[in-house]
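You will see chain A twice below: alongside chain B first, and alongside chain C after that.
And now, the complex of A and B:
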């Protein structure tokens, strides 16, 4: 029933698709992390001129589908003549750049909210202690607030990483031959959907749980101080209601 | 002219988007309840099946599941139909889309509902049983009304993600808002205008959802005092 020959034959294509997916994910994740740290600081700032625009940005991005954002950038921007005639046009004509931009902007919005949430959970005493020691605002952020907020955000950030990984499948809609596009091509050539999409499902499954595993390891390393001290203290056993 | 007269066509697409979302949500709730019941039941087989279900869904992108079920399901059903001597059966994107989205978000709702049920103190259900209420009556009168309060935040989140996920159904050929925008921008050569327009409509839908579900949450939490710092 399953066509193993087809799977073996298309494995190299999947392998290439996997690399494209992973590269796309890596550049999106690094860009969005770098952008979201300053944005999260602005988001929790008491100054409304800083906090409100960031809120607006995350609200709009989180309230609209990623596919529509991608279409707006890749297909939409061609509408503007001034852009077509500008020096930036070769970039916006490129599907890779557009996918990267759309995914990075999207993930930045979510990551900003995650980090801002973690910053708000900072115990007030830590901040007071830092201020009473005369640390400047910049070094309070660098030394006290950000390191602990990033640690606290780790479990949710892990979810966000998985979301970005899954979101890269949407790049298949704008001609980028990543994993999902590879599967669609294999399907169109063979008309064997179970093999084509089943195979790619295996790939995504393995990547997802590798990511989850890495985040678990990081949590074990960076959130060690939050683990129960003795082995006896475990979350209460789940019982049927 | 505003949107070159395509506004009615886009709004018709919105109707299809909302219909898909609503039907998917209903299906997801059924999967979610069954999943939560399976996770909380004493049966080991049911626990394993429910864990496998939620793990599988979390491991795969929505688009891949959508393609797998849309194209794979088509082949499977037609193989069965062939064997039964029936003619070719065409699954339309509406049915494939709502089933798939319902199946996917049912897994997330399983966790939401499970958490919500566990958040109700056990003594309450026991007290109900002590009064001689049947299990079904305890569920209907005691567990469900209180569960709503705990389930609303997770439910809101899932609903918002799901409305946005319906945009993907345009890829398997559903005539939704995104598809209408594709057609309109091809005809007018103003893609940005139309994608921005449907983006604004999505934003309006999510904003209204947040407001309504926030009101529902407050309504169901009337008897609960908030922590005041």
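And now, the complex of A and C:
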């Protein structure tokens, strides 16, 4: 029933698609993490000149579909003569740059909100203790707020990583041949949907569970203090009544 | 008990009446897969209406076959799979008849035939030979015979695969590719005559891929009856001048391929 020969034959193509998807995800996630830390700090700032623009950015980005954002950057911006004549054109000419920009901007908005939420949840006591020790605002952020917020944000951030991974499939709309595009090409050429899409599902499944596994390991390491002590949760022996 | 039996009998009678259907012969209902991004053959107007030569010829053939037709819009590279998955019954999407496609579907007689041609900024290339295009970026429709042709003959050029024929010219116009390879009619009618196509020109001779096989209507392999009916309708339209009348609306040259 299942055409194993077709699967074996298309494996090299899937392997290439997998590499493209993973590279795309890695460059987007690293950019969005680096950007979202300062943006999250601005987002929770009491200064409206800092907080409002970031709010507007995350509001707009989270309120529009990623595919539309990608089309706007790839096809939309290319319509402007001044951009095509500017020094930035070699970048925008490149499909990879456009995909990276769209995905990074999108993921930054979500990650910023996740981090900002975690920052807001910081227990007051930690902050008061830090202030009473005479720490400066910068070192309070660096030593107290950010480390604990990032730890708290880990489970949600893991979800965001999985979302970005799945979102890379949209890159095929701008000529990038990633995993999903590979599956569609295999399907087109073989007319075997079960093999073509089943195969790509297995790839995504493995990546997703690897990601989830890594986040779980990190949670075990960094959120150890939140876990109930094993002695406390061991159920007491039930004695028959 | 008696009441229940009566209800069951009445239900069965009603059901068989529904299954039997009206006794008069009904027009055959056909769903047609079309593409919508291949002007002037297939296009979507700003108000969302489908139009173009493919659509008109499909409607005329349907009228000739006395069939009731509806259109399903589908991206080109999903066309054949969708046909075989019975999402529609025939494809009228400017599909070139190729040996590879003949393994998956059956084709009617060609309903038009136009060659392919390169398009680039006027004077950008001396000719279209693989040597002249070495290291350059060529944009072409994904999963098309033209894409296969480039992969075969232009191994030293970068080939960018666009999802739609219209995107081929969009990519070319903004400069994401150095040269485009597309239908000579699409580039001539829908690109070069528009403001975006200013300064661009067709390059080299008309290229026929698959040697004069033309563009056909695709049906499923097991649907020989429909294929025969389509061919009969097409021949009738070509015979009574309807085909020419329709083609003249779009083209100032003969596209019939015969």
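FYI, the second predicted complex is superposed on the first by the 231 of 241 C-alpha atoms of A that agree within 3 Å, B and C clash if a C-alpha of one lies under 4 Å from a C-alpha of the other, contacts with A are read in each partner's own complex, and residues count from 1 in each chain.
To be clear about the criterion, contacts are C-beta pairs under 8 Å (C-beta built on N, C-alpha and C of every residue); 3 or more make two chains touch, one makes a residue touch a chain.
In this text, all values refer to a predicted model and were calculated from it rather than measured experimentally.
In the superposition on chain A, no contact is made by A:4 with either chain B or chain C.
Judged by the touch definition given at the top, the superposed model places A:93 against chain C, while chain B stays out of reach. Once the two complexes are laid over each other on the shared chain, residue contacts for A:75 go to chain B and to chain C alike. In the superposition on chain A, A:175 contacts chain C only, with no contact to chain B.
Touched residues of chain A, counted separately for chain B and chain C, are more numerous for B.
Look at A:198: by the touch rule set out above, it reaches chain B but stays clear of chain C. When the shared chain is aligned, chain C comes close enough to touch A:188, but chain B does not.
Residue contacts after overlaying the shared chain place A:49 against neither chain B nor chain C. On chain A, the surface patch touched by chain B in one complex and by chain C in the other comprises residues 75, 78-79, 173, 184, 187, 193.
Interface residues of chain A, counted against chain B in their complex, comprise 60, 63-69, 71-72, 75-80, 162, 165-170, 172-173, 180, 183-184, 187, 193-194, 196-198, 200-201, 204-205, 208-209, 238-241.
Residues of chain C that touch chain A in their complex: 77-78, 80-81, 84-85, 104, 142-143, 160-163, 170-171, 174-176. Those residues of chain B that touch chain A in the shared complex are 40-42, 56, 58-65, 67-68, 71-72, 74-76, 117-118, 120, 122, 125, 143, 160, 164-168, 170-171, 178, 181-182, 185, 189-193, 195-196, 198-199, 202-203, 206-207. For chain A in complex with chain C, the touching residues are 75, 78-79, 84, 89, 93, 95, 173, 175, 177, 184-185, 187-189, 191, 193.
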